[in-house]
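Okay, structure first, notes after.
Letters A, B, C and D mark the chains as written, and numbering starts fresh at 1 in each.
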Amino acid sequence: MSQNSKKVRLATAWLGGCSGCHMSFLDLDELLIELIEKVDIVYGPLVDHKEFPEDVDICLVEGAVTNVENLELARQIRTNSKIVISFGDCAVTGNVTSMRNRIPIKDLLTAVYHEAQAPIGAESLKVLPALLKKALPLHQAIKVDLYLPGCPPDPERIATAVTALLEGREVELAPQMRTFG
Amino acid sequence: MPVITLTIDDELVSARAGQSILEACREHGIKIPTLCNLDGLSARGGCRLCLVEVAGNPRLLPACTTEALENMVVTTHNEKIDRYRRMILELTFAERNHTCAVCVSNQHCELQTLAAELGMDHVRYDYLNPELGLDTSHARYGVDHNRCVLCLRCVRVCDEVEGAHTWDVKGRGIESRVITDLNRPWGDSESCTECGKCVEVCPTGALFDKGSAVAEMKKEASFLRRILDGREKNEWRR
Amino acid sequence: MTAQAMPSVPAEQSQQLRFQLIDKSLKKFQYQQDALIEVLHAAQETFGHLDEEILDYVSRQLKLPPSWVYGVATFYNFFTLDPQGEHICVVCMGTACYVKGAGEIVTKLEREFSVKDGDTTEDGQLTLMTARCLGNCSLAPMLTLDGEVLGKESAESTIAAIHTKATLTAAAKEKNA
Amino acid sequence: MNPTSLLKQAEEEQQRQQQLNLRVFLCYSTPCIAAGAEQVKTALESLIKEKQLNTELEIVATGCMGPCSRGPLLRIKPAEGEEQTYEKVTPEQAREILLHSIEQRPVETEALPADLPFFARQTRIVLSNNGEIDPEKIEHCIARGAYSALAHVLHEMSPEEVCNEIKNSGLRGRGGGGYPAGVKWNLVRKSPADRKYVVANGDEGDPGAYMDRTIMESDPHRVLEGMAIAGYAVGAEQGYIYVRGEYPLAAARLVKAIKAAERRGLLGSRVLGSNFNFRIDLRVGAGAFVCGEETALMTSIMGRRGQPVPRPPYPAQSGLWGYPTLINNVESFANVAPIMEKGADWFASFGTDKSKGTKVFALCGEVVNSGLIEVPMGISLRDIVFEIGGGLPDGGKFKAAQTGGPSGGCIPAEFLDTPVDYESLKELGSIMGSGGLIVMNETSCMPDVAKFFMEFCLDESCGKCVSCRVGTVEMYELLKRITDGSAMLTDLEILEELCELVQETSLCGLGMTAPNPVLNTLKYYRDEYLAHIENKSCPAGVCQLDQIPLMKLPEHAAERAVFKEER
């Protein structure tokens, strides 16, 4: 894909989350311009690629693993990425996404798709990917190399981590940069 | 008061006889993580974060309840102790629903800070996701059992400092819950003096001022030392 | 159970009599706060359970904070805050009983009487409980039905024994009526 | 009473017993009652009434005789001739046995062989009165020497001498820990305080253990006497005996025994005419296993939530209400009087180098003769299971012996010849514990057994410390997943690491030992765990294994849409 073979292949993925972590990524502002010189963004909501590509160097994964589709994608990510980063609280802890874990799936779907204000009806359920019994933090589904907590992780954290990785250094976050929430 | 000498982390330090290892460490600026402990309240030894190694003792001992003794050799940090502390935090986070992002105490929470400081960045155990309630029957305060870590600071401050003993614990094991009076809504409590000490000493967002939104609940427990010094050292004259 | 033993006494009076039984225990222990567990034992024996009124009474008499009393009452398995069924079946889940199939007995009882371990049937007939070893391991699997020890039980024999008890009680009630 | 009148009463009672033609001992302990001992007693009593035999014989309703699986047990002791024991006696057989014995005709019901290994291989010190006395009759106990050791101690020995005698005997705590009793006694004796306490721990909670219940039910005075001797030795005037709430009969008998002893001046003020005062009060537990832990037990005696407190300080320094307290297990106290009576050397002649005396075990599970046994320390497990226990029933194959309850472990067949003592069992990853010994055959699944004990521990955790409160639940969740098919190999690593944490960081013994059954079964039966996880098969055929790991994709695409979930 990329003409410059030296560029790092970066992917981002959006599982069960609100996309806030991706928004925070966009908040990198001018750093994005610097970044884009060093990396190719090869997959994710920010670019238009249908399939998760091979040979990804770094993948930032937002969101908890909450349905079968998430799980399949998580596995593809693991198989094809060198470094997988749990990106934001939903991926790291399950966070808000996992607040449904106490509720039986059946009750949950009934409440959302049948009793909610705009009923969608049973038919549409057939196209929804099946929910897992519990929304899982990413590392309980696949092996994770680095944790970047925060809801969302602020741009400073993202910059610190990504810069270190691009420079081939070990990522060291100061305590105040690794708080949940 | 007689003074004793002991070694903490390879350094010779002095302490007053009768002091706990934790107190001795604090006076010398040696940091040991704690959660259930609070200066001014009785020591409990429940959170297990302040466990230290004492030479000659095969078991790790809680620094808060273990008396510092002459010639004791104490290690407060090493690979094993640090790992255990992180694992204990993992268990604490897995026990209830600490969804930091939507907590009133977000960014002002002792548990959250401990996890960041000790490098506990993910939980490997199953989150237990218990079904827990919220009691907002009190006019001024609320209790959210989802955030409670059972440090029992509220129980102790209410009993030891305020003297009301409104709080206690019901049940046991994983079913333990803090309660007011006969497990009635807090707002109906006959013994509660509404002093709010319990809220201020609570390390997490379990006890909060009503009306606080996410990240708005800041707490200040330093009043405790002032009250106690005033009382015990007769600093406050009548 | 005491209530059934004194059917002619009006409810209010019998309640009063029962509080007198607690008083007796309180006096025996000279209102010492340390005797809380003993007093709760006496109260539970008299009333069959410990409700709010009883706990409040005990806490006032012993001059203990209510939450303290509630905490103690809920710490120990013996004390129950809900009224018990007419018949109480306690299945031993000690190791010897477990390896000899006590778990299956509990499952089948739960199914037969539509009751969960620790709960009472809706009609108030049966309370099903499990115990951590009743110390009669040579009788494994064993259980107690209204305090009577039944040894080397099967799910079927237990269900039959409970039905027999229930029938007897029903018959006795009919006779009284 | 004074020592002389005590002796006199003992002699009088012995004479009365000798004048009888026949003494009939009927085991009247809970298992035998459940097996029909009550009906046997009624039949015998009506026969006596019918034939007016009451001057020639007496029926003694005794405590546990031992082989509980053979109950009801009846023993006939004629004034002359051999005594005979009969098993599984029906009321009809009992009538026949009694009639024929009294008329000196041959008894038709078959008696147990006199050299039955169940009895022959035992050494009875603690249980020496079991089956010989009616525990509710203090005269029976006095006739067999009860309180004579106390009389001797009070009038002939100094407290220091008593402590040293215990020390020299090598007696170790029978509650499981095995701490040298003499050391503890001396610590309390030397602790300066104007008030001290003695506590007997009868909160026997290990599932599958009922030694202490039997001792308290069958020979309560033995325990009381031991406590009084301890009180004299350490300088305490008040004792508490804490009985598990599940044991109402033991509590009732102890109350009776205390009253009877007080009435005779064997307890209370000026015991046996000395200057020593000693009161014993009973405390009945209310259903909390953790109260078997000594510091939790003491908070419970004080009427509080039975939560342990960190040690140090130890009870010997600061126990009940902050005063020095000697706390020992009921069985430990039951060993005291015999030691005082026969001497430390005599006691030390039983057992092994480091573990002296005998140990009472509750032998049960898959074994022909289940019941209560007392054996010298150092006997092999094989002798216990196959000689005394008579092996496994129905041709079952021995798989493991579980000792130490939820704090112990399973000992596999290859270690059957290990001597039973504190150190050897510990080396095998189990513990002596209070004395429950459960035999398991091939139909027991080890991960399932580990899960059973973990469920016990999480239920009984007091909740004070995080490691035990949450750790036991998480260990249980992992074991549940291993046994339902939803575990991955990584879960095994997490489990092992968690076991280590809970062991090392829990506040009290409950948490510290809760991982033992897991670690121990992982050590000897790891292949069983692996079979569950990797092959989804349970070698013992116990577990269903019908779940898939949470993070595993359903295999069929059809299962991936929501409507499948809804069905």
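Throughout what follows, a contact is a pair of C-beta atoms (placed from the backbone, for glycine too) under 8 Å apart; a residue touches a chain by one contact, two chains touch by 3 or more.
This one's a predicted model, so the numbers in the text were calculated from it and none came from an experiment.
Each chain's centre was taken as the mean of its CA atoms, and the one lying most distant from chain A is D. Across all inter-chain contacts, the pair with the most C-beta pairs is C-D. If you average the Cα atoms of chain A and of chain B, the two centres end up 34 Å apart. A separation of 57 Å divides the Cα centre of chain A from that of chain D. Between chain C and chain D the centroid-to-centroid distance comes to 25 Å (mean Cα coordinates, whole Å).
Those residues of chain B in touch with two or more other chains are numbered 124, 169, 171-172. Under the contact definition stated at the top, the residues of chain D that touch 2 or more other chains are 288, 305, 459-460, 462.
Residues of chain C in contact with two or more other chains: 71, 75. Contact between chains, using the touch rule, shows up for A-B, A-D, B-C, B-D, C-D. Partner chain C is touched in their complex by these residues of chain B: 159, 164-172, 179-183, 190-191.
Residues 86, 89, 92-96, 98-99, 101-102, 134, 137, 139-140, 144, 147, 149, 151, 175-181 of chain A are the ones touching chain B in the complex.
The part of chain D that touches chain A in the complex is made up of residues 550-551, 553-554, 559-566. Of all residues in chain B, those touching chain A in their complex are 93, 97-103, 106-107, 109, 112-113, 115-117, 119, 121-124, 127, 129-131, 215. Note for the complex: chain C touches chain B at residues 52, 55-56, 59, 65-71, 74-75.
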